[in-house]
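The following pair of complexes shares a single chain, subunit A, combined with subunit B in the former and subunit C in the latter.
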Partner chain A sequence: MKSQIRIAVIGLGAVGRGVVTTLDRMQKENTSSCIISAVSDSRSACIMPDGIDIEAMLAQKEKTGICGDPALSSRDIINSAPYDILVEVSPTDVLSAEPATEYIRAALARGAHVVTSNKGPIALHYQELATLAKKHHVSLRYEATVAGAIPILHILEHDIIGNKINALYGILNGTCNYILTRMSEEGLTYPQALEEARKLGYAEADPQADVEGTDAAIKVVILANTIFQKSISLDDMSITGIEQVTDDALRLTAGCDTTIRLIGEIIPDKNIYRVSPQILPKTHPLVVDGSLNAITLKTDLAGDLTFIGKGAGSFETTSAIVSDIFYILQSG
Partner chain B sequence: MQVSMKLSLRDAPGNLVAALIPISAAGGNIKTVIHEHIPDAEGNVAVHVVIEIPEEQIEPLKADLAENGITIIRLGKERLLWRETVILIGHLIYTNLEDTINRVDDTGFAEVTYITIAMPEMKGPSSAQLVVRATGPDELAKAIEILRQVAQEKDFLLIVPLGGVA
Partner chain C sequence: MKSQIRIAVIGLGAVGRGVVTTLDRMQKENTSSCIISAVSDSRSACIMPDGIDIEAMLAQKEKTGICGDPALSSRDIINSAPYDILVEVSPTDVLSAEPATEYIRAALARGAHVVTSNKGPIALHYQELATLAKKHHVSLRYEATVAGAIPILHILEHDIIGNKINALYGILNGTCNYILTRMSEEGLTYPQALEEARKLGYAEADPQADVEGTDAAIKVVILANTIFQKSISLDDMSITGIEQVTDDALRLTAGCDTTIRLIGEIIPDKNIYRVSPQILPKTHPLVVDGSLNAITLKTDLAGDLTFIGKGAGSFETTSAIVSDIFYILQSG
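On to the complex of A and B.
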């Protein structure tokens, strides 16, 4: 690949700011040759082919709420700014997946690599986008869409190649895991635990997608369609959330040294794609506390493997995005 | 088939072995032996054994034991060797709990053998832990599937063990 790599970042929220700050630090430390050639937020864009002064740009964003010229937009970046890799970190819309899908499509068609943390385009349009990427000989990477800091896609694609995956079980939603942990450990009722999760910022103001299992299901769809090469949507899944789980049920399971967790499940041979609360022995490696995520793979050669890590958060998501960028650079 | 037996034998050296030999001879696989050491008034002791044996060998074994002077106090065939503990949450009582259980018991191959119900203070949903037993793994999966259907009909949440038969 070229000596100097230009990166465009769409979206400057917690994740976008984390990505530009990390890349800026790495460039200053001479551990990366990436420069940020363009950034945008919802109301403006900044394009500097020779590299943006990140500190100054973030200071301006902090002060004025915009990162650049209000006459420019994300579309101007996508269509005409110079970049080798597009980092798409604008808000997720899991129903329409727009405008992110439009951005990603245009970038791939221009022959740029794309890295995203946006679940919408990957869950809804993976096949189309992957085909487009292949046609233009570029990469589309989305490690940050599933299980935050756990490099699960890289593990499945590279680190255990040759294994047959008989089953994947995952704690894929930190909010639900936090709520169930608190109900189990402190005997809180579901409404009490949800309220606590909200206060501590583990649950969104509208936690519906989390507690009804949709968020975990979207991650199952992404894993099924990318790693297991299926072609499923949310409609093909059986999805049960945690709203009906009672503190009594957790007390009853505790009597047998078991507990209840929300599990995302893929059993490829049986075409099982499911999210549901399940009973696990308390000593099971998937029984992680608080807002952690965990994934167990049942494989033919490597046996059972379990990975645990933070499932969300701007730093963890930044970690996944930066590792995708460097994977592209190293393999390019 | 799994069979549990309570035998009575004279409390003398070598008698326990004498009781176990016919079991092995009949093709039985001895799984547990519990030997009581305190003899009753007649000087006999009780031995509980659990064995795995082909069903057609049970009658010949009974005859063989009797010939050797060993009394069979009780013989129980255990059919329901497979078990799963599940949770049901919902309006279990108002939706005919007996019917819910009978739907499994009526199969003939599975039974709900144990149930604990936690009733909420107010009119909320109750939570129950059920032990379902069945004659084999497929039967157990079928029984859980029946519970799944009942749960759907009666708007319960059924929670099963991770990686279980269902």
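On to the complex of A and C.
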């Protein structure tokens, strides 16, 4: 890959700002030779083929609310700015997957690599987008879409090659895990724990996608389709959320040194794709507290491997995106 | 890298047999195009430039005790057999690091990549061997030397690039963890738990290197020197084993919902390299049971990440070695 790589970042929320700040710091520390050639927020865009002064741009955005020229937009960047890698972290509805899918499609068709944190395009359109990436000899990376800071896609793709993955079990939604932890540890009822999660910012204003299990199920779909070469959608899954888990049930399990967690499950040979509350021994490595995520892989050689980390947060998502960018740089 | 890669395997204990069996299976499944061009055990060697019939060779070894021609040795392979990657899994004393270091040095000097499971050469001679590998444009990989099945070196090198690792804490010795778990959970005394670990094959006949903390310390040295670019030896470390941990101490900690584990610790900015028994909350992700290993990384972006897996075992070591082989194949 050529020596100075140009990166365009679509979306300057906490994650987009984290990515440009991290890349800027790494360039100043001489640990990266990437430059940011374009950025956009919802109301403007900034295109500088020789590299944007990140500190000045962020200071301007802080002051004026926009990062660049209001006459320019994300589409101007995607279709005509110079970039080798598109970092697509735009606000995107997970169920419609737009506008992220449109952006990703256009960037891949231009022959640019794409790194995204948006689950929708990967859950709904992975086959199409992966085919497009292959056709143009570029990479499509999406570590940030599953399990937050845990580098689970890197691990599955590269770190344990030679192993057969017999099953994957994961705590893939931090909100549900927080609620179940608080019910179990403090004896809160479900409405009390949900209210607490809302107040602390762990639950969305509308927490339905979390508590019904849809968010965890979307991550199961992504893992099944990208790692296990399946072609499933949410309709192929059995999904049970945590709304029916009562404080009585948690009290009963506690008496047996067990507890309840919402587990996403893939058993590839049996085509089992499921999200459901399950009873686990309290000492099981998957039983993590609060808003953590955790994934256990059952493998033929390495045995059981468990990975635990924060499931969400702008720094954690930034970490996943930066690791994807460096993956592309190293493979190029 | 050329299409058919030749691999030589020095050592046909459980790990060496696991490696050749796994590569043989992968070749038959068309997921690998490697051939095994040479193998040796302590009494013989077999060299077949076009590929050894692995099933026949293992059957012969099972029947006769030797894998090939008793007139040939490991040194014949290393110095004159054709191979692109040397898998060095010979029985090697960890403190003298021989004969593994001699083998690795000779293979690198011939321009071959090396994958080893031997801790000694990496702990004692990393700088020299890494320099030699660099000079000959080949890789030296040693995932199997630290934390068994957990792909911790892959993770640190590649999966979380962009993160600053502020600290690493690890349960790096399964024997000590087994003993402390049994003392804590069953109220066994130290001698009782040690005896049980011996009977179950978790502890060596001479368990001193484990219980004194030396084995965990060697892994700290490897991590410090290879990942954190330090240049330390065991003499630079503070090492306390588990022999002084009493059942009384464990009972006291249990009353506060805490327990004691032997923790290896690296705080790179403060040049702290330590192995010592530490008190941890029972719910801490690092508190794993039995002979498991676990590592927590404290990072600036990804937060705390914890990885848990089996700390030893021939399948687990095989997994680490095969992942190193594929790393070399993919980078080539």
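Here are some notes:
To be clear about the criterion, the second predicted complex is superposed on the first by the 332 of 332 C-alpha atoms of A that agree within 3 Å, B and C clash if a C-alpha of one lies under 4 Å from a C-alpha of the other, contacts with A are read in each partner's own complex, and residues count from 1 in each chain.
The rule is short, and it goes like this: a contact is a pair of C-beta atoms (placed from the backbone, for glycine too) under 8 Å apart; a residue touches a chain by one contact, two chains touch by 3 or more.
Bear in mind the structure is a predicted one, so any value in this text is a computation, not a measurement.
Subunit A has more of its residues touched by C than by the other of subunit B and subunit C. In the superposition on chain A, A:G309 makes contact with subunit C only, not with subunit B. Within the superposed three-chain model, A:T214 lies out of touch with both subunit B and subunit C [touch as defined at top]. With both structures placed on the common chain, the touch criterion links A:S42 to neither subunit B nor subunit C. Within the superposed three-chain model, A:L252 lies in touch with subunit B and out of touch with subunit C [touch as defined at top].
Once chain A of one complex is fitted onto chain A of the other, the partner contacts of A:H154 are limited to subunit C, with no touch recorded for subunit B.
Of the two partner chains, neither subunit B nor subunit C is touched by A:Q27. Within the superposed three-chain model, A:S323 lies in touch with subunit C and out of touch with subunit B [touch as defined at top].
Here subunit B touches subunit A in the complex through residues 85-87, 89-90, 116, 118, 120, 124-129, 157, 159-163, going by the rule given at the top.
On the side of subunit A, the complex with subunit B involves touching residues 167, 169, 240, 244-246, 248-249, 251-253, 255-256, 258, 260, 263, 276-280, 284, 286.
On the side of subunit C, the complex with subunit A involves touching residues 18, 22, 26, 149-151, 154-155, 158-163, 283, 285, 288-289, 292, 299-310, 313, 315-316, 318-320, 322-323, 325-327, 330.
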